[in-house]
Each structure stands twice: as C-alpha cells, then as structure tokens.
C-alpha cells in the first residue's frame, strides 16, 4: 500500500486512473528501458559497429531480461539513477557479447527515451479521451443546448443565454487541445541519443545512422541532435497538460455554481453523500476538476524552473521533472475521465434564470 | 517615479526595456481601446446597423478622443475596469451620434481586443529579438565554436566538448521559439467580440459580419466566436514566454558557471563592479537571465490558475491576467535583449578544461 | 508496485524515506481515523450525551475495527472521501450502540483530526532530524571550520573566508527551523471538531466539553472553535517545510559548486557513478537537496491557493491539500536525512582558493 | 505614466494603494540607503575606527545628499545594483572625509538594511490595517451576526448557520495574522551588516560594536551575524503576506457567492457598473480580494525559490526578491484596505436560506 493520491487504497478511488497508472507501472518502465537498450544494440549491429550476429544475440537477451530491482534501488540511492547498475546487470547476462551493450550511450539516453515511450502511450490515452470527451460534450449540447440559463458575469446575473453558449466554453478548447496534442506529439515522442556529453562523439561516425535506426525501431521521431539539456519540449508539453485540466477546471467550477441551491440549473446524479447530511448530493466530480486544474497549474511552474538545466546534464533539474511530470499526466488523464463521466450525469434546466 | 523594477528610476537600468515599456505605455493602451471602439463603430456603419455617415462621423471623433484619465481612474476603482466610463466620455463627445458607439459590445470586447493589439506589437518585438539573438548566437559559435571546453554533467567534469556543443543548447531552442511564436501569433492576435454574455446576441444578425470587418480593420485574426471565457490561448502564450526566458536562463547559468575563477572558460567584458572589491567583474547580465527565467517560471502558474474562469466572465480570474501578463512580456523582452548583449561581451577559452 | 518517486521501486532508493513513508502508511491513517471516532464516542459517554457504558462498548469495537478498504475506495469515488462509508461500516459493527457513533460530527472532523495526528508524528520525526542535522553540521564545522576557502559572491571569487562562515549559512537556519517548528506545533497538532457546518450546533450544549475531552485523549491542542475553513495553520506549516528544504537546497547548491573540478574545495565520498564515465563521482545527494528545495518551493504555492476555501467546506480546496501536503512532508524528511548523510561524506579543503 | 497595475493611471484606481506606494517611493528608498550609510559612518566614529568629528562631518553630508539618479540608473545596468556608484557619488561629495564612508561595508549591507527599513514602515501600515479590519469585522458581526444564512458545504446547501459563524472564518485568521506579524517583525526588521563576504572581517575588531550602534540608530533589531545568504526570514515574511491575502481571498469568494442572484444573502452598495448592463452591481472589491489572494499565492513560490542562494551572495536569487517582494506587500496592503472597505458596504440578509 502506498500513499500518493493516485495509487492510494481509498483516495485512489477518487484520484486514480487505472489506465494512466498502468502506463507508468514500473514493470513497463523497465520494459521501455530494455527496449531502448535492445534497439541500440541492434542498431550497432546494423551499422556495423559490432558484428550483426553479436548484436542480435545480445538484443535477444536484453529484451527478455529480468533485472534485480533491489539492486536497482540500491544503485539509484548511490548513483542518482538506475541505469549504470542496469547496464552492469545486462552485461553480466549478455556475457561475451557485452561489448554490444550500451557502449557509447549514456544513462540519460536510456531514461529520456524510455520516458518518451511512456509519453507515447500516455498521449494515445489522452488523445482517445479528448475525442471521447468531445463526443460527450456534443451529446450534452444536443440534449440541453437550447435550455435557457442565466448568463452570469462577475458572478452576477447578466442576460439569459442558451446552455450551448456556456458549454461552448468547455468544448471548443477541448477540440483545440486535441489538435494541439496531435501536432505536438512528434516533439515529445522523440529519441534521445547523445552519449555522455550529448555530442554523439562516443557513438562514432555512424552516430546519425544509429539514431535513425533506433527511432525507426522504437516508433519515435528522430531529432537532428540530442536534446538532453533542451527541456523546452517537455515544458511545453506540461503546459498543454495544464491547459487541458484548466479547461476542465472551468467546466467543473461552472457546474458547481450551476448546481447550487438557489441557482438550480444543474442536477447531478450519483453525486456524493455526506456523513452528516444524507439529503445532500455533492458535486464531487465537478469539484475534482477544479482541484486537478489547480494542481497542474501549480506543477507547471516546476517544469519551467527545470528549464534552467545547467551545463551538459543537470542532476538537480532533471530529477525535478521525475517528481512532477508523471503526476501531471495522471491528473490530466483523471480529469478527462471525470469530465466525461460528469457529462453523462448532469441534467440542465432553466433553474431560476428569471432571477 | 514608480517602483516596479521595469520602470524603476535606477533598477530600470537593469530590468527595464525601453521598447517593451513603450508598447505597454498607457497612452498606447488608450489608443488601442479607441481603435477598437472606432473599428466597431465603422463596422456598424458598413453592415448597416447604423447609417454609414453617422458611423463615420462618430468614428472620427473616437479616433482623436482624449479621455479624462482621472475619471477613468475613479471609474476603475468603482467598476473594476475603465470601459464603462470611457464609453460614457466618448458618447458625450460624440453627442447626437452616440447610438453608433459601443452599443451591443461589452467592456471585455474592448479590453481583450486592445490587449491583442498590444500583444501584436510585443510579438513583433520578440520576433525581431529572437532573430537578432539567433544571429548573435551563430556569430558566437562562428568565433568560438571549435574551442574545446570541459563538458560537465551533474556539475562534474565529464569529457571535453566543443563550445559549439554547449552553445547549441542555447541556440536550437531560440530558433524553435521563433518558429513557435510565428505559428502561435494568430491565436493570440485575434479579435474578441461577444457582447455582454459572449453570444453576440446583442450584436444582431450582422454580428459575424461586424466581427469580420473589425478584424480586417485592426489587422487581427477573426476567430469563429468570442473567446471571453476561453483563456487557453493566453495561457499557452504565457507558457511560450516562459520557455523563452527558460532557455536564456540556462544560457545565463552556463555562462555564470563558465566564468568562475578556477573554470575560466568565459570572460565577460563590461561586467559589473562591486562597492567593496574593485577587482571583480560580476556576470550581471548572465545572472539577470537566471532571475528572469525563475520570475517567468513562477508567473506562468498564475496564468494557468486564471483558466478557471467561472461562468461568462470572471472578474477575479481576468484581473489576475492583468497583473501578470504585462510583466511576463517585459521580462521576456529584457531577457532577449540581455542575452543578445551578452553574446557580444563574452570571450570563450579552453580555461582549465584539462581538469 | 507504484510510481510516485517516494515509493517507487528503484527511484524510492533516492527519494524515499522509510520513516516518513511509514507515518503516511494507509493502515496508520485508518488507525488515526478510528482513534478519532473512538475518542469522540468516549467523549460522548463522559459528557453524558450517551450512556457511558454504551460509549465504552462502542469505542472498544471502533478501536479494533478492520474496515473493508475496497468499500472505502468505491465510496471515495462516489462521495469524494471515505468517511461516510467508514461510519456506515463502523455502525454495522457496533450494532445496537450505533447511536454512540459519529452522531453530531462530520467527515471533515475525522479527516482533519486524523491529519493532525499524522502531522504530530511527522513533526516528531522532523524535530529529531533537525536536531541530528544540527549536530552533524556542528561536527562538520569542528572538523573543517578553519579551512580557508574562497568566498564567492555573484559566482565570482571575492575574498577568502573560513569554511565556518559558509557553513553558518546552513546551520543557523536549521537551528531556527527547529525552534520555529517547536513553537508552531500546537497550531497544527490540534483538534478539528465542528460538526456538519462547523458551528458545533449538532454537538449540543456539551460541545466544548466534548472537544476538550477529545483533545486530551488524542494528545492534541484544543482550539476554541473549529478551523475547518481556516487553513492558514496548514499553509504556514507548508511554508515552514519549504523553508527547511530551501535552506538545504542552498547547502546542496553550495556543495555542488565546491565540488567542481577547478574549484575542488569539497570531496564527496560514496558519490554517484556514471554509466559512461566510471571515473566520475557525482554529487548526487547535494543535487537531490536542490531538487527537493525547488519541489517544495513550487508546492507551497498550491497550499496557499487552497486558502481560498469557499463557504463552509470546499471540496475543491480541501482535496488540493491532500494532493500536496503529504508529498511536502516526505520531501522535507528526505532532505533532512540526505543533508545529514552528506555531512558525513564531505571533506573540505582549500581547493584553489588562491584563484 | 507607467504600467504596473499598482501605479497604473487608471488600473491604479483599483489595485493601487497610496500609502503602500508612498513607502516604496524611490525617493524614500534613497533616503533609507543614505540613512544606512550615515549610520555606518557615525558608528565608525563612535567606535573609534575613524575620528568622531570626521564621522560626524561625513554623516551630515550623507544625510542630506541628493544623488544623481541617472548615474545610478546607468550604474545599475552595469553593476546590477546602484550602491557602488552611490558610494562613489557620496565620496565625491564628502571629499576629504571619504575614508569615513562605506569602507568595510558592502552593497548588500546597504540594500538589505534599506529594505528592512522599508519593511518596518510597511509592517506598521499592515499592523494598523489588520487592527482596523478586525474592528470592521467585529462591527459587521455586531450588525448581522445573528442573521440566519444557509451554511453551504461543497457548494451545496447544508444546514442554516448564523452569519457570525461564516464571518468567524474571516475574522479569526485576521486576528491571528496581527499577532503573528507582531512576533515576526524583529526577524525581518533587522540590520544586515557583514562586509563583502559576510564575515565582518573587513569591519575589524569593532564589527559587533558597529552593528550594535547602527541597529540602535536605525531602530532595527541586531542579529548576531549577517544574514546575507540566509533569506528564510524574508521567505517566511512573504508567506505571512500570502496568508493575509489568502484569508481575505476566502472572504471575497464567500461574499461573491453570497451576492449571487438566487442566493441573495449579501447586497453590496457602490458596486461596479457594466458598460452593457446598467442594472448590474458587480462585486468588484470582493473579486479583487480573490485576485490578490491568487497573485500572492503564486508569488510566494518565487521567494521560496530564492532561498537557493548560492555561495556568499547570489545576484540571481537576490534580484528575484526585488522583483517579487514589493509587489507582494502592495497587494497585501491593498487587500486589507479593500476588505475594510467591503465591510462597510455589505448588508447581510437571510436571502433564500430556506433553499
């Protein structure tokens, strides 16, 4: 049992997202790291840096390797990351073919590329959810778009509007986010390959060919050079995640306000109960959207601070990303699912629009 | 005399940017608001909502109107914004043609569109500076690209690299920011027109024609609907500003580290003096880049919080943008200028790369 | 297996803290919730709201109750929190004495008070670690205080200083934090008791006596009223956590800078290895201190946003605290332990102070 | 004319605070710097470092010195701060007694101590306003405390409460902030004196006597050593400012919610008008309280990042404080004044509590 809200035994019921969690599952992270190491080894064989049969043999061992996690944990405590020890373990397993393993790469190549493989899966999930949410919002508008509610500005009754108008402030950005995510994916789902100091010098004259081969194997885009110190792509991506939760935070806030007694423009089915007041129907999911928006709006700042990535690898700035990015993706996935769920649960009426 | 760092009588020498400051100058903001009102009035005439001659007469008065600023100040204290009183003043000046003024629009249409006119000018400035900085970084690389310096990872000497490698971590993102800014401009330099509750109902059947005409007059893009509650474009833009300063914060941090005695890879001419130690040459501009990066990395969070823009206009979330966005643009403009300046001042040597 | 950095199977080796993690363990959170419910039930008996024997019988059942966690999870998804279902489960277990259970209290009374019981344990841990770190810093100063290093201002060599001077910038705040924590503890380790809307009306005329009795049972301070919407104590506490990690971030940054080749004022034993460069000794723990400082400096913002806790209970603002506060305490505990560890590992020399 | 919201020609009507602005007025900052220099010079005379008559003559010149601000501006651009040039100007003015000027001090001693003199004045203002607001909240409770309103939890009607209960969530923290400010003042209103690298070595054997004399002259507390790299006091102070605006943000949010049509528990006189809907009474001041709360909740993060103040003076971290702290104090002063104003303008009724 653990204690972050996403995997927490009971709070996870509210905050957790099974699919997003599965994508970040450590076993899957290990699998991604091994895929990167194997792709590198195979690429070394194809470009002729090592004999192809040797590369193939080594890659096959890597692909099914089952690392000693406790050793990785001890090594992470010492080295700040698991890769040096993982490579040691792999080389032991590979035996005589060890020279086809990792030589010329660096830890960051492995971890960053494994991250982009994870983000590839996350983005597929987010993309599906954006699409599903768009549909749900369109359905909601079909059902209730013509209902006249009170337009409210500065929290005061202004003029009546159609519910479709209010809801367009939720759905239009969702559609825009889907388009933006699609266009941004190549710049985050991309190979990292630079070697110890990022200049690919240790990869030899075939460095670019190796990169090209690896990117093809892994289904990633192949940038012209390593981006090990250029974290702008990740920060921009974190910004997009927070834009998504921000949009849905607005939706959640609107629904909370519409559900107030005295306003009564929204009824939510399956709302939350109270330990003291059984008559209440709390807008739990709508509030959750607000919480997740403010969570991501805070976290995005840390990823921007991590842009100050000194010299040729910053242990401090890099590790800050590790603390923040997974949580932001989970919060976003959960927000999209909760918004989708909420669409099915709300009924819109004119309430007291005459006020 | 005032006290924010950008316009401060002496700190402004360090933080201030004459061109950015001029763009945000209140007189220019007034001019933008009047341009918006006049464009609206002319559009009303063209689509036939009011007689064209009446519209022309009124627009001519608006365009040269000189508002009572003290009255705007008192009105802002009362109303939370200057537009209702500005409209009152304009109508008084226009006299018999007052029905061609503002009718059907709302304050937010004026302020948001005036903002996008300001951002149009800011973006032109940033675009020029990104281009100029790219040139300066290319020159710097021409001069010193082959100098061997020590590659440093996790703040420890790793392997020697060419200075070109270190500098590519500064220049590649700068080029990317220029491209991103160009593609993002239409989504922030765009007309806001929605009327009191954003649905264009008060603009009548010609609403879309009015919008199209106004956008053409003002040189802005013409989105299909009002975005008064959809602040994602501004938050994305704020993110880009912080990406820019983040890149330059990394550059500044790198230069500070290279300039350390004992490392001695960079010498900076015209560096800052000390009141106690005349021998020192402080890397003032390089430190400034770090400061501005952390400033924007913090501020970007507020703009994301402002996405939770409740109902059909949030006075609270909107005003938060006013507090933050101008400062972010100024910090970014200053950062670009300081980085440009720094490029001309630094000399790169191999220092103690043998360490 | 899970994926936040604190409990992650391998990253937990770097970020995780066994003792802090144990304090936040869900079983312990359940135990705290049951302690609160039992204390309330016993208090009801003592003040005569229910017969004392009934209260005693019910409390005994509560104290050893083993809840159905899966049901709590489903309920949290629905209700936004686990208490209503926990109370239902308890009442089922208590049977005929159910009227002595929870009646008059509300979910927030249980969760907030359980939180303060957790923070009581966290604070004891932090207090011990601050004390231990103070001792280690004093020892470090004893060993190396007289070593002359180069004082550096604005990242430039200034004048030589004793290492004791540099280290006083680490140790003096640590001592101050210990004093501040001691004085702040009563304002966070305090009973929450207010009933559904916080006014203790449902607790009847004996409300204050119940509160006094509960606080005494639980070893908590007894504030004069419920603080359910007044989150200033928690935000102030979060600020103190970030002050602690900030101090240690400065220490870590200083040590990273002193350990640079070319400066060579600090050697770190047991430093981290590299997958590509076996000769390196990376200052992993020092970098971690910087990471944790920037993590908490970001998170503290969210807790301040949560002060805008609308009306008489904000589901949105409250849940934001749940996402943030546990992580901040863990980051702080880890930072204190890492700083302590680092003290034993560093050797200070004059390096190249002559520069 | 300038463009930050506090001093802006029309937005300043909403955001600006005449008294807080006056405290930060550059002329007053100059006066504080000169006070610090003069106090230092007099102290040098009293402890015998320079002849007392020389010190007195020099101090008299300093106290009435009128610096060349343009030169300070050019110098700030070059040196990152105005003090080296200010000292040069002063020495020119003092002439033969120049050795009694600044010798042994450093720029940071002057700027930090001048800051604490400013904060002394700010704190006096905040203290008065907290007291005045407490009185206004007590009056408000006297007037309307017994009015029954609907207690609302999770934005849903729960049980009726007295307005006094809602208002206690505003007033109790205000009283606590006043007490906390009083206890915290000595730790921020304190002398900074350390010399170039903070160890007071350049101040000679009389360093502590000089410090003691200066503190007494300036009415500041006298800490045992320089705190030039220990910014915890300022960060803690920034946290308190944000606690204050956070409390009032909750009050503002509550009032906005109570003023909604359909709830109708609060009427606000003198509320803001709309350019499109003359019938509206917008809760401008209440929204402003929310805006200022979120502003400070964001800014506080930057001050915590500035704790990572490397080595013996960080130009980067220090300048970040200059960008943030003045704004936070102004936002806080304005928030307190707006809350006070709002107390006089609201009428509380039972509204639709029966809902």
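Letters A, B, C and D mark the chains as written, and numbering starts fresh at 1 in each.
The rule is simple: contacts are C-beta pairs under 8 Å (C-beta built on N, C-alpha and C of every residue); 3 or more make two chains touch, one makes a residue touch a chain.
Only a predicted model underlies this, so the values are computations on that prediction, with no experimental measurement involved.
**Q** In this assembly, which chains make contact with chain B and also with chain D?
**A** For chain B paired with chain D, the chains in contact with each are A, C, in label order.
**Q** Check B-C against A-C and say which one is joined by more contacting C-beta pairs.
**A** Between the two chain pairs, A-C has more contacting C-beta pairs.
**Q** For chain A and chain C, what's the span in angstrom between their mean Cα positions?
**A** From the centre of chain A to the centre of chain C is 27 Å.
**Q** I'd like the Å distance between the centres of chain B and chain C, where a centre is the mean of that chain's Cα atoms.
**A** That pair's centroid distance is 39 Å.
**Q** On chain C, where are the residues touching two or more other chains?
**A** Where chain C meets two or more other chains at a single residue, that happens at 80, 152-155, 158-159, 196, 202, 256-257, 272, 274, 277, 282-284, 287, 290, 294, 298, 301, 305, 314-315.
**Q** Over in the complex, which chain C residues touch chain D? Could you list them?
**A** 80, 151-155, 158-159, 161-162, 165-166, 168-169, 172-173, 176-177, 180, 196-199, 201-202, 225, 227, 229-232, 235-236, 239-240, 242-243, 246-247, 249-250, 253-254, 257, 290, 293-294, 296-298, 300-301, 304-305, 307-315
**Q** Report the residues of chain C in contact with chain A in the complex, numbered from low to high.
**A** Chain C residues touching chain A: 1-15, 21, 24-27, 29, 69, 72-84, 87, 102, 104-107, 110, 195-196, 202, 252, 256, 270, 272-277, 282-284, 287-288, 290-291, 294-295, 298-299, 301-302, 305-306, 314-317, 319-320, 322-324, 326-327.
**Q** Okay, in this complex, where on chain A does chain D touch?
**A** Interface residues on the chain A side: 150, 152-159, 256-257, 259-264, 272, 274, 277, 280-284, 287, 301, 305, 351-352, 355.
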